[in-house]
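After this come two complexes, each holding chain A, first together with chain B and then together with chain C.
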Partner chain A sequence: MYEKEKKLAKSYIDGKVSRRSMLRGMASMGVTASTAGVLVNAAATQALAQNGFDWKKYSGTTVKLLLNQHPYADAMIANLDNFKELTGMDVEYDIFPEDVYFDKVTAALSSGSSEYDAFMTGAYMTWTYGPAGWIDDLNEYIGDDSKTNPDYNWEDMLEGVRKSCAWNGQPGGALGSDDAKQWCIPWGYEQNNLTYNSRMFNEAGLTVPTNIDELASTAAEAKAKLNGVYGIGVRGSRSWATIHPGFLSAYANFGQKDLNVSDDGMLSAAMNTDVSRNMHEKWVKMIQDSGAPDWSTHTWYQAGTDLGAGKSAMIFDADILGYFMNGGDNAEAGNLSFAPFAANPEAKAPTPNIWIWSLAMANASKQKDATWYFLQWASGPEHALFGATEMDFVNPVRKSVWADAGFRSRLDKNYPGYVEMHDISAPGAQIYFTAQPLFFDLTTEWAATLQKMVANEVPVDEGLDQLAQSVDRQLKEAGLG
Partner chain B sequence: MATSTTGDPSRRKFTINKKYLPYLLSLPALLTCIGILIPFFTAVAYSLQRYRLSQPWAQKYNWGENYINFMTDPSFWNTLKVSMTYAFVTVGVELLLGLGIALLLQKRTRFNNFVSIMLLMPLMTAPALASLMWKLMTNPGFGVLSYFAETIGIEDMRWASDPSTAMLTVVIVDVWVYTPFIMILLLAGLRSLPRQPFEAAELDAVPRLFVFWRITLPMLTPFLLTATLFRVIESIQQFDIIYAMTQGGPGDTLTVFQVEAYLNFFQSTNVGRSAALLMILWAITYFLSNIFIKNWLRLREKARGGA
Partner chain C sequence: MQKNSNLENVLRGVAITAIILFFMFPILWIFLMSFQTNETILRVPPSPFFEPTLTNYRSLISGKLEGSTATLEIAFMSNLYNSLFLSVTSVTVGLILGVPAAYAFARLKFRGSEDIAFTLLSFRFAPPLLVLLPLTIYFQQIGLADTYGGLIWVYQLIVLPLILWIVRGYFEDIPADIEYAYRIAGHSFWATFRKIALPLAGPGIAAAGLLAFIFAWNNFIFALVLASADKQPVTVGALAFITASGINYGQIAAGIMLSIAPTFALALYAQRYLVEGLSLGAVKG
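Let's turn to the complex of A and B:
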């Protein structure tokens, strides 16, 4: 059964037929596009098994994962049987919703428990986990030919993303430096750009903004012209997560930094410059004039669902948030469009600060080599392509997937402007924060200060001076400033 | 443990040396205490350390430095102020409302019994769920309470999103959840009061307000103190309602002790500061509990005819 179909899938993997011919051939045999995808993935896994690498070395071993409830985890689970077949290994996992996920990770890692071998994480979290000795430097696996299959192709990972997951552990140390440790492997990532409701934009005669002044005026116009709709969705809760998406992407676009690093490695606050004040003033006024009325409680969830429900005209947030809101049962599904965004009118290109869902290995794991087998498969090119073309594994972190014609045409068809947005902003996409262990303290306080500014509890310049003073005090207390 | 045997070896009787009996009997209590005391003393030790999980190499005893730093840290004083305000406002309102409802339901009728059971419903709701429910009801865009506010002329009410109304909003949620607790406690107290003084007052046609101030309230005071003690201790340790609704914001409007300690530990991994904050919270709770218990004991003695 399916022998002919499998052969066709293998021919496609071997590069003997194009994707179009393969899909046409499958269709003539009565195979749907989604089944064809499954067959192609199975053929890719078989091809992987034939690359001379001993995939069965840890057959019979079970690795246990700690996962966040996320489409990336769903894509991995959907493809897990292929991994089991390839390696003879078993995989167990616990999945937690994001609200409690990182508390669970912190508890599991800090206790030194060996229950979980690997887990999902963000790159920022590794700035705590790495120095604490809770996770392994994965360079020693990536660079070891006896442990890593020859088709893994580490260089295929987008450079900015790959480097953003590597840090030398020195406060203020550059991400991706030569001495950096690879604390985690990028899995999927989010750029921060504009997602706008094209139906509303057409209705109100709006044009897509290209800088922060236009963003503020377009948001104000949208609010004025569209009944019951607010102009711009950005995050506002009292959390580090308010700072890292649109806000820091805009901030970095003006060439601003969060911290200064002196020659002797000491850190100091850098957010109270004139340029920063100017940018903060515009940001705060934009929220006051056209943001959500309950902005100060908005997380990614509210920003996204309001866009999907037609309550906001646009968001400056994670591109994949717009991606997911453009489908499913959302009221505005099919009406959303995407655009790259550079806040600074003088900037040549966008500088999206990125969030990277990554995979890390617990240092307490008792079966690290077997765990690495899972990690290299889950972050390998075959699974990335499967996830991107058959599931909702966007944004992929591999160049090869972004070059895949099938993936690009699927995105182009259903998500207008998405591919173009990605291509324009990807070169500038990276983490723009200074890597240091007080990341969460300082960004949470930054978010609280923004809330005070928006609520007119403190003027912008005074608020920034107070923030800088507090940041410097905390850095000093921690021996970093 | 020592054991002794007497009589026929085939019918040995298991006895315990009287000397060790008190220790054996208190063993369960001791084990329970150990379960509480070990984490407590660990927390005390952490509070005297500079200890961040992200900087394990810098872990060392700094003795009272965490506490001394609080003295000059405006965010600590804000936390203290917010926690005390929250605790006293919520408990004050809940006491007044709870007492009022209990007085209305004092008479044993079917209707009153039914209403008192119905009024307990909020207490059955987990505070975190109640907060999510209220978060939806107070949503400025579609919340039913925002709609009502608008119909009575309060435009653009932002509830927990605005620093000027955030405290009010979380107090309302707390009052909704916990007033039934005070109500049921005071209702039980009212119904257990001896009838004679009230009957005597009725015969003498004493005004109801006078009866309330001079008979009901003094006799109800032990119940009021008990309810206040429980609620103050719980309220000063509030976490779920505030965190679920605002995460301590906007700005620092609602950064109570537990929220601040939680963020310090789980987000900043600053174990030392988090433990020191909780130690101060423990000291405040201990101090307040002592005051209430002493007063409660004094009133009990008085009721028994003591000095």
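Let's turn to the complex of A and C:
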């Protein structure tokens, strides 16, 4: 089955025919674009099988994964047969909805269960899992030629993203330092930038904002000119997830930090500086004037759904949230555009704080070497390119995929401004939080303080002072400050 | 018998209509949502008029959900089956164990009976998360992790205390003299339990069983922690419609309609027993 098609795919991989000719040929044989993608990747996988690495070493072994229900997992599953063929291994997986996913991960890891060999995680979560001894340092695999295939190309991963997944376990330790442990492998990531509704912007005669003052004024203008639409979507629920997207990206752009690290490694609150107060005031006023009426309940889902349904004019949130909202049965599908955003007028470039969906290995796994075979394939360049060009495996973490003409033109065609936005903001994209074990507690309190400021329950300067005092107290109690 | 005036009848009618509207409106709205696409659900302003579609039900039943960017595999029907299987078997096991135990606690006063009854009740006090991690470790050691048998056992933490304590109250409300009279007629203890006590406490047992079923059906955390994805109940499965690429409101609404159907049907069928059972003993002099 598919013999002719496979030959055509191999010719494409060998560089004998162009991508366009290959796809046209496939279409003439009645093969859909997505099946063509799998076949092309099958040919790429065969090429991988010939790179001298013993891919069949763990043939017959079964690894089990714990996955979040996400387009990244869908892309991996669509390509899984190629991994099975390459290695002779089998892969089982459990998929859980995101709402309960991390409860399941925490329960599995903390009970020392060996059921799951590898799992999806966010980099922030590894700040808890790593020091607790629940996950492995993957440096020992990446650097071992006998365990990692020669085409893996670790250096191909975007530097800021790669380093953001590595931490030495010292509270306040710089991410990606020389002594850092690679707690997880980046898989796909999100930058926080602007996604705006170009139909509405044209209708109201708005221009794309380039700093926080323009953002606030454009949002206010959109609200005034567009009937029943609010100006700017940002998250507002009482959760750490309110701080990490647009808010921290803007905050970092002003050169501000969440915590100070002293020479002796002690941590203290850093959010009550004058620059921070000023930025907080602008942010709070922007939400009060032009944010969602029910902003304090807004999570990823509400921010995205409102943009897709035409209830908001723009979001300052994850780029891939805008990407998803620009398709499917969303009312505004096809109307969304993307722009890089540097909140500080004096900043040279954006500084998006990032969320990284990553892969980690459970320390309790009983077949770590075999599991690494899966991890290196799933995070390897072939699968990254397949997922990015044929599925919704965006944003890829590999430079080679971003350099791929097919991928760039696909994005350019359907997602105006996306490629340019990524190119401009990628150099400054990294995690801007200080790595430390109280991350979730402190950022949740920060979000709660923002809520009080927006509700006018506390003035910004007083709220920041209270927050800083509370953060310092908690750090001291934990022996970190 | 006192006759109501017309005004009273009208006022009563208005009050009943208002109460029905208040309680039924969310369910009615969800019912309407289940026949709409995301686009019509999210339009501004919302409207009760739309072109109905069966897409949501079709995708739930076929297991293929057309997402905003790709087709998503969902296991909603198997989640529904898991819920049904876990709830029915747990309540059955709970009734088999709990009803005789409740009778014993009600009729036979033995040393430590109150202590044992309170110990069983205390299962309801413990926050599930507190017991789940140790349970996970034990279950892995004895091979019960990720098995239906293990889950049904753990579900007894929910259903057994409920059945035991509710049914015990009903047994206590039945005058013991009726049973003594039957015993004097030469019948055994077991026959008395079966022929006299059980039928008299029937509505109470039905009410306890129904409540236990609803509690078991609504449980979320036990299967999430103790079992893999193929054994998850509908309470976990329903979250699959909230995805990174958007919330599928139509499928959520259809999922709600399908998942409340069994408890709704059971409640309608057993309504008489439920009311009778719950009010039994409430008017004793």
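Some notes on this structure:
Going forward, the second predicted complex is superposed on the first by the 453 of 481 C-alpha atoms of A that agree within 3 Å, B and C clash if a C-alpha of one lies under 4 Å from a C-alpha of the other, contacts with A are read in each partner's own complex, and residues count from 1 in each chain.
Following the convention adopted for this analysis, contacts are C-beta pairs under 8 Å (C-beta built on N, C-alpha and C of every residue); 3 or more make two chains touch, one makes a residue touch a chain.
Bear in mind that the values here come from a model prediction, so they are computed numbers and not experimental data.
When the two structures are aligned on the shared chain, A:P459 is found in touch with neither chain B nor chain C. By the touch criterion stated above, A:S110 is placed in contact with chain B and with chain C alike.
When the two structures are aligned on the shared chain, A:E98 is found in touch with chain C, with no touch to chain B. Legend: residue contacts after superposition of the two complexes on their common chain; A:G88 is shown touching neither chain B nor chain C. Legend: residue contacts after superposition of the two complexes on their common chain; A:G169 is shown touching neither chain B nor chain C. Looking at the shared chain after the overlay, A:Q69 reaches chain C, while chain B stays out of its contact range.
Contacts of A:K311 after superposition on the shared chain: both chain B and chain C are touched.
In the superposition on chain A, A:A132 makes contact with chain B only, while chain C stays out of contact range.
Once the two complexes are laid over each other on the shared chain, residue contacts for A:R238 go to chain B alone; chain C is not touched. Chain A residues 103, 110, 228, 311 lie at the interface with chain B in one structure and with chain C in the other. Interface residues of chain A, counted against chain C in their complex, comprise 69-71, 74, 94-100, 103-104, 107, 110-113, 115, 228, 300-301, 304-305, 308-311, 320-321, 324-325, 327-331, 333, 391-392.
Residues 52-58, 69, 75, 135, 139-141, 156, 158-164, 245-252, 263, 266-270 of chain B are the ones touching chain A in the complex. Put simply, chain C touches chain A in their complex at residues 37-39, 42-44, 67-70, 72, 132-133, 136-137, 140, 145-146, 224-225, 228-230, 232, 236, 239-240, 242-247.
Listing the residues of chain A that touch chain B in their complex gives 102-103, 106, 110, 127-128, 131-133, 228, 237-240, 292-297, 306, 311, 437-438, 440-441, 444, 447-449, 451-452, 454-455, 457, 470, 477-479.
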